[in-house]
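Read through the structures below before going on.
Same chain, two partners: chain A is paired with chain B first, then with chain C.
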Partner chain A sequence: MNVYYTGLFVTFLINVLCALSVYVILKSGQISVGNAGFMAVGGYVAGILSTVYGLGIPASVAAGSAAAALCGAVVGIPALRLKGTYLVIGTISFTAMIRSIAQVLDITGGAMGLKGMKRIGILWIVIFAVLVIALLFLFEKTRYGLDVEAVAADSEAAAAAGVRVILIKVLSFTLGAAIAGIAGGCYAHWTQYIEPSDFSTSVSTMMVLPVILGGRNRIAGAVLGAAVFTILPELLRFASVWRMVIYGVLVIAIVIVKPDGLISGRKRHA
Partner chain B sequence: MLEIRNLSQYYGEFCALKDISFDLGENEILGIIGQNGAGKTTLINSITGLGGRPSGTVRLDGTDILGKRPDTIARLGVARTFQNLRIFRGMTVREHLLVAQNRKLSPGRKLLPNFRNTEDAGVDALLEFFDILRFRDDDAEGLSYGDRRRVEMARALAGSPKLLILDEPGAGMNEQESEVLASQIREIRERFHTAIILIEHDMSIIRACCERIIVLDHGQKIAEGSFEQIAADREVQRAYLGEEDA
Partner chain C sequence: MFSQQIVNGILLGSMYALLAISYTLVLGVLNMLNLAQGEILTAGALVACAILSAGGSMPAALFASVLVCIALSLLVEFFCLRLPRGDTQVVTTIAMGMILQNVYTGLWGSESIKFRGLSSGFAIRISTLEFNATQILLLAITAALMIALSLLIDRSRFGREMRALSDNRTAARVSGVNIGRVTVLTFALSGLIAGISGVMAGMVFTSVTAFTGGTIGDKAMVAMVIGGTGSAFGAGIAGIILGIVEILSVGYLGAEYREIVVFPLLILFLWLRPSGIFGKGRVERA
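Right after this comes the complex of A and B.
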């Protein structure tokens, strides 16, 4: 594989992780436009552990994911009181907060960014992505997976049926944040340099779009959406300055034609 | 089994429930009637933990449940249906029952992935009971109004509740369906050993099912007794028929 395709493949895998991090939260009927913040936590924690403390890269990524998961739980609890637009604003604010913290701390390199990470092997990124997909697939087949869908469909009726709504909602945020954390750790060790602006709100938004486009009810939808969002900009390179315009029109067209996403319909529980 | 004392619910200045007290015995079917806006649904929302900040005492088998979260109350054995149907969008009839069954499973069992369509005698028996077994793997949202009501009742029973609260189960049903429903409600008690609180406008269902009836008017309990006692009560007649013959 030449460098171009290798890079594209890694971008795809990281986009898959990002999309799945949003997917998990959407699946529980919540929305997060703050996953770049969780990604930042994963990226910085993993980067600092591997550069300052000399921890191995895979272990650093895993630890970064755990730190992001913790943030997910902390954000998930107040998020219980927020719905719709307010939750969007709340999660955006979280990302802004994380960026500011990364900007002022010494250990994160401030505005100069964090550097000195060794490059992660592609195989590790593949392993992380496959592991996340496999675990999510299994999770959706459990009775907890069914609880998640009931909460998304009607949280009050789910509660009246005995579903622990708070647990399910916070768990979903935690899980989504953990996945975003893995994406951040992989990203930090692939580009070998991260700075606060890598985790802007537009990055958070770009994590949501593939899921809406690919289909929010299925893991395959998020993966397909990530593929489209990775490849489409490359295919449109011929259009040079008009690239983003065509890109935008295509995305709008897909959303209008397939409002439930490219892969719609949910899987049933056995 | 259920003990309610001085249950009140205010929304700002407005008093939706005032000093409601009553008891419910094991295996009893209690009817609650009253005009629209009398506080019937508010009363059961207060019991099941949905909405508002009620005051007073509600005890289920000695455990104070007032102010607890709705899922906690459900897990203690109180199940309900909703006046405005609350179906899980996109989920099959069978899945509705599995969700309610979940409360009885251990966390470990809940984490086991399931790939095959396992036979579940309990689910099938419930669906059979409500005559909706043929819709088992259909999207519940696509069913008729009456069948969706039956899905809700089956879902409520799937969690093996001690107390079942039915909020106008007969709404939108014709005379014949109401008759079937009334006999089903009595049968539910025998088969599933549950106490039942029944809110209903259809007096034929109330008469056929309830040993005891509570009448609510403007958030207050104005009468309690058998159907005959209630029907003869002047206060009830005034609330239902207007002031002229009071």
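Right after this comes the complex of A and C.
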């Protein structure tokens, strides 16, 4: 593989992780527009642990993911008790808050950014992505998966049937944040340089769209969405900034014509 | 020094206040969070900027800005709310915001463009405070709009229909409220406010970029929650408080601390008082 295709492949894997982090939260009937914030937490924590404290790459990425999960709970718990709008605004604000903190701290390098991370091997990114996908497939087969679908379909009915709705929502949210944290850790160690503006609100929103495009009911939908999201800008390179316009129009068209996304089929439980 | 900063804060805040009111109109009445609202404001600012640079007058610029913003607002209503089925507004308005922002970058580039504001030497002095013509105009517009909107929502027939719709859609429909008409008018009104805020943003910042609206939009949303969703008055007051907090953070902590207080404040409100300062405690729980 030459450098171009290697880079594209890694971008694809990181986009898959990002899309899955949104997918997990969407699956429970919620929406997060702040996953770039969780990604930033994962990236900065992993980057600082490996550059300042000399931690090895897989361990630092895992620690970054844990820190992101913790943040997910802090933002999620108050917002989860409220209707979705507050969650959207809360997650957008969280991302802005993380950006402004990274901007002023010395340890994050401020506006100059954090550098000096060792390059992560592609193998590790593949392992992380495969691990996350495998775990999610497993989860969906368990009781947790059923509970999540029940909460998304009708949270009041689910509560009446004995599903612990709040717990399920917080868990999904925390899991999504953890996956975004892994994406951040991989990203930081792949580009070997991160700065606050890498994690803007538009990055968060870019993480939501592939899932909607590919199909929000299936893991395969999120993966397909990430693939389209990675390849389409390359194919439309001639169109420069207009390619994002084309992409946006495509997303709205899909939502209008095929509301469930490209891979629609809801899974049926006999 | 301190009082001058308060004045600057109020100016910055009045812009957040106006946009927060346009968010809260759409959210309160239609239960829809329009995440493209900030980008709509940007369109107004850019168009006004272009007209002023071409030698047009301020009223012409304001008129064009309002017109463009109303048109975009109706575009959002049609493509993001009416056409898609189901609960997809967050996604469709995000996509619309992205489309708009990239159209601006395509047409205007991502450099900041100078905004030719009012150039009158007129100024009022109150002891050590100095207000120039732009500042007086901005304060007057904000105050007038806040009063007019409060009256519109509380006193007029249209306002009554909006409130009926926000309370109970079905009940409003059977009582003869034309839901389609109220929806379109609410969006047009939010576009009108965005258009005025766009020109104000140009005056306050003295330059405009393709990203101007996005930044203002995030803070306006924070103001809306802190003020209490659905309350135009609350959104206005909270917007002004946010402006003051931001200017004081810059003044006493440094420019890179601009946003460090604003966003944690929102998280704090979500934990402690999600219905906001002026909310009626009527926050829908999931």
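Keep this in mind: the second predicted complex is superposed on the first by the 262 of 270 C-alpha atoms of A that agree within 3 Å, B and C clash if a C-alpha of one lies under 4 Å from a C-alpha of the other, contacts with A are read in each partner's own complex, and residues count from 1 in each chain.
One rule holds for everything that comes next: a residue touches a chain if its C-beta (ideal position, glycine included) is under 8 Å from a C-beta of that chain, and two chains touch if they have at least 3 such contacts.
Fair warning: this is a prediction, and the values are worked out from it, not measured in the lab.
Of the two partner chains placed by superposition, only chain C is touched by A:T205; chain B is not. Once the two structures are superposed, chain B and chain C can be ranked by residues of chain A touched, with C on top.
Contacts of A:A111 after superposition: chain C is touched, whereas chain B is not reached. Contact with chain C, but none with chain B, is seen for A:W242 once the two complexes are overlaid on the shared chain.
Looking at the shared chain after the overlay, A:V33 reaches chain C, while chain B stays out of its contact range.
Of the two partner chains placed around the shared chain by superposition, neither chain B nor chain C is touched by A:A102.
Using the contact criterion defined above for the overlaid structures, shared-chain residue A:A158 touches chain B, although it does not reach chain C. Contacts of A:V16 after superposition: neither chain B nor chain C is touched. Chain A has no residue lying at the interface with chain B in one structure and with chain C in the other.
Residues 27, 31, 33, 35, 79-80, 83-86, 88, 90-92, 94-99, 101-103, 105-106, 214, 218, 221-222, 224-225, 229, 256-260, 262-264, 266-267, 270-271, 274, 283-286 of chain C are the ones that touch chain A when the two sit in their complex. If you check the complex, the residues on chain A that touch chain C are 31, 33, 74-75, 78-86, 88-90, 92-94, 96-97, 99-101, 103-104, 110-111, 155, 169, 201-202, 205-206, 208-209, 212, 240-242, 244-245, 247-249, 251-252, 255-256, 259.
If you check the complex, the residues on chain A that touch chain B are 138-139, 141-144, 146-147, 149-150, 153-154, 156-166, 217, 266, 268-270. Those residues of chain B whose C-beta lies close enough to touch chain A in the complex are 48-50, 69-71, 74-75, 79-80, 82, 86-92, 95, 98-100, 102-103, 105, 109-118, 137, 155-156, 159.
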